[in-house]
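Pasting the structures in now, so scroll down.
You will see two complexes here that share subunit A, one where it goes with subunit B and one where it goes with subunit C.
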Partner chain A sequence: MVPLSAYVAVSAILFMTGLLGVLVRRNFIIVLMSVEIMLNAANINLVAFSHYLESMAGQLIALFVIAIAAGEAAVGLAIIIVVFRGKISTNVDEMNLLKW
Partner chain B sequence: MIVIFFVYFSLVSILAGVLTVALKNPVHCGLALLAVLLHVSGLFVLLNAEFLWAVQVIVYAGAILVLYLFVLMLLNLKTDERYFHSSYMYFIAPAVAGACYVLFLLLRSPYEGLKGDSPATAVLKDGDTYAVGIKMFSDHLLQFEIVGVFLLGAVIGAIVLAKTPRPIDGDDAGRSGR
Partner chain C sequence: MSDLTDLLIKLIPVLPLLAAISNGLLGSRYSHDVAHRLAWGSVGLSFLCAIGVFVDVVRTGTTHEVIAYQWIFGGDLTINLAYLVDPLTCMWLLVVTGVGFVIHVYSVGYMHGEAGFTRYFTYMNLFMVSMLLLVMGNNYVVLFIGWEGVGLCSYLLIGYYYDKVSAAKAATKAFVVNRIGDAGFLLAIFLVFINFHTLDYTKVFAQVGDLSPEMATAIALCLLIGAVGKSAQLPLHTWLPDAMEGPTPVSALIHAATMVTAGVYMIVRNHVIFDMSPVAMSVVAYVGGATALFAATIGLVQTDIKRVLAYSTVSQLGYMFLGCGIGAYSAAVFHVITHAFFKALLFLSAGSVIHALSGEQDIRKMGGLSQKIPWTHRLFLIGTIAIAGLPPLAGFWSKDEIMGHAFVHDHYLLYGIAAVGAFLTSFYMFRLTYLTFYGASRMDHHTEEHVHESPMVMVGPLMVLGILSVVGGIGLGFPPEHGWLHQFLAPVIGPLGEHEASIGLMVLLMGVATVIALLGWGLAHYLYSVSPSTAEGWSTKFSGAYKTLLNKYYIDELYDFIVVEPLKRLGEFLDWFDRTVVDGVVRGVGQMADWGSAGSTWVEKYIVYAGLNIIGYGNHLVAREGRKVQSGMVHHYAALIVAGLFLLALVVQFFIEQ
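And now, the complex of A and B:
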């Protein structure tokens, strides 16, 4: 029987991987992919606690997280297309239009 | 048997996650992300969440990842060089040490808590989809409706953002904004 803490550890490692990707990578699309990894790590946590604590609420929140991730991907990629059309770059360091 | 599957799914998902962050070509990163999503869905099966497994495969691997790959093909990105300076190690090495300590604490914790009202035997009797549906449409109906409105807003926002700006006739104001 796999203990709950093993799932929590896997989730923590995946979350830190995604966080490192957000901080280190400069390609906007890869940054969004790292955010997806972080959301998946949170989903593992929610479903594991839902199973071990015998409650259904965790799985429902994980479903909502998947829906939010879909919306985030759609809007984020639309923003990438708009920025790429104007500046021909997806480097996050060069997106400083709103900076003053 | 479950332990073998758990070790396989968790190790491959972590490895593919590292590859997603580390690979240079964005298309390769997308394919590594596909491996992450599929193996995380395998973890969901081990946790008796078959409905979430199906949703993960259909929505994440089927829809969101294809959207990412579409945009990658559309933009025709070159492989960018990484901006990982060696001076970052001064920040990352203590962070890794702290993370290992946190993992050690996580593996020692017992995680006892108040049990809910749906044990595994009750879920397995009618199936996970039945249990999720009953719970969602009885206790969490408001969140469900809010997520629906949110998705509608996201779709409209994406269409408005990605629309090609049309130049106004006899007026260069619309064109100069590009």
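And now, the complex of A and C:
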């Protein structure tokens, strides 16, 4: 029987991995993938607690999160394609229009 | 019958008022013919109404009090537009409307072709309304309204030729001098109200016994000031001769027959108050006597036909005042009536002369007119004989009655003054007649060619007045002091005192009066017909006196010096004061405001704005630096979100959990 703390630890490691990826990497696609990793870390957490608390709500929310993540990946990739067409680049540092 | 009389009484002033309103507002829309028919027609109807009222008063002997309109009521003050028609008012009504009607008709001819024809008749009708209110009112306020109304119309009509400077000045002078008298009259009204708490004649006269003699004297003297102003007595007589600038019918109606006698009416109406004050009575008598003599002397040498008549009017008004002052009220009223007849006749005849001579008024440029304008000549002569006091014409009876009363009641000084005045009156009137109608013509050729008798519309009224001047005296006042008029007026004026004079004395006095008048005539005949050189010799021999008289005793110059010039200088000083001191203060205040605003502009600019700028600039700096936080870098935002998350976690850990 794998203890709950193990699941939470894996989840935390995955989350930190994704977070660092988002903050550190410069490539759009990798940032997007890191976001997916963070979402999945949250999913592990949800499912683990669902099992631990013997409630199906956590697993249901995890399914929702997977669906949203799919949509989000589609929208994110579409934005990346549009930006890439204008800039011929996937470097996040060049995307600095979201300011004053 | 009484209701009908009340209606007639109400109609009397309303009819001319309607005509005045119509002519005044719509006169320019219809022809002159319509305008003058309205004017004299309305006055004629008023005259008929007045006759109706008169007949009723004679028949029933009642006094009518009619409230036409309840005007002011509050507290203990009630003032109605109400009429009191007693025998005294009746006589005045007949004279005002009758003579007024005749003069209106005459005006149609005299004013023919004048530019302001309709305006003239509007003012005339307005004058009739005011004069009727004056004599019909049952309280002092209505009397005062009429009093001011006639003053206003007098002003308007003297200034009828308003483009003539002398006329405009004369109008202003008449108005201003009358104000002095009106102020006295107002004071009298206030005093009456303070003492009686009412302004109705009947109520006032009923309580008049409660007055202290001093208060009675005060009221009487204030009333006298009003009367002196209106009736052109010394020392406020100066406006009347100048008033001759108006058209001649105006002089006849307003400045001879009616308005100027308003002072006499007022004194007779208030005789109860005057009777209580012997002091006021003797002041009235001596003012009248002095004026009678004084004006007569000026009349001796004047050369303007209308001015001679004007001074004669002042003089005759003096006789009326004299009569009032010695208690001969009915004689004074009698003289008012006869004077209205013969003075209107004289003025209108003079107007006819002026009309014939194309506007010439200087008697030195007349002469020999008796053949050319025979009717005017005859009627003027009748007027002259009437005013000179030759029996049996009108003036003799009334003037003799005043003089006789003075003699019988031991006012010998006044009798002497009146006798001398009568001699002078006779002299200057016959002088006027001789210079105008007899002797050689002194007209220039051009004028002489155009001399013509006036049209019937002018001569007709003259004839009516001529007949009245002949029979008016003997018809109304014979036998003296017991004539029809005296008995008619007795309810108002009170029974005459016990008659002391014997028939013999009366006849003697009449004889003396006749002789005096004849002497005046004789002297005038000698100086201006028999031996004209003597008259010229006298005027050079007594050149000092002659010039003094010619210049009207320099009264106008004296008033100019004492009153007008100082007032002008005061005005100039006030003007200077206003311009320099008052305006200086105003400008100073303005200047200070100017400086103040400059100062506050500086403060605003360098202090307030500076503060605002510092704040603004600070904001600007903060914003300029602060906006750099929003870099546009996605991972900066992400890092901040994470940092915020950790912070939140810390807060939850350390502050919420416990």
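Brief remarks on what is shown
Here is the rule we go by: the second predicted complex is superposed on the first by the 98 of 100 C-alpha atoms of A that agree within 3 Å, B and C clash if a C-alpha of one lies under 4 Å from a C-alpha of the other, contacts with A are read in each partner's own complex, and residues count from 1 in each chain.
What we mean here is this: a contact is a pair of C-beta atoms (placed from the backbone, for glycine too) under 8 Å apart; a residue touches a chain by one contact, two chains touch by 3 or more.
These figures come from a predicted structure and were not determined experimentally.
When subunit A is checked against subunit B and against subunit C, the one touching more of its residues turns out to be B. When the shared chain is aligned, subunit C comes close enough to touch A:95, but subunit B does not. When the shared chain is aligned, subunit B comes close enough to touch A:69, but subunit C does not. When the two complexes are superposed on chain A, the residues of subunit A that touch both subunit B and subunit C are 24, 93. Subunit B contributes residues 2-3, 6, 10, 13-14, 17-18, 20-21, 26, 29-30, 33, 36-37, 40, 43-44, 46-49, 51-52, 55-56, 59-60, 63-64, 67-68, 71-72, 74-75, 77, 80, 82-84, 88, 92, 99, 102-103, 106-111, 113-120, 123, 128, 131-132, 135-136, 139-140, 143, 147, 150-151, 153-155, 157-159, 161-162, 178 to its touches with subunit A in the complex. Remark: subunit C residues 627, 630-635, 637-639, 642 touch subunit A in the complex.
By the touch criterion stated above, subunit A contacts subunit B in their complex at residues 1-2, 4-10, 12-14, 16-18, 20-21, 24-27, 29-30, 32-34, 36-37, 40, 43-44, 47-57, 59-60, 62-64, 66-75, 77-82, 84-86, 90-91, 93.
Touching subunit C in their complex are the following residues of subunit A: 19, 22-24, 31, 92-93, 95-100.
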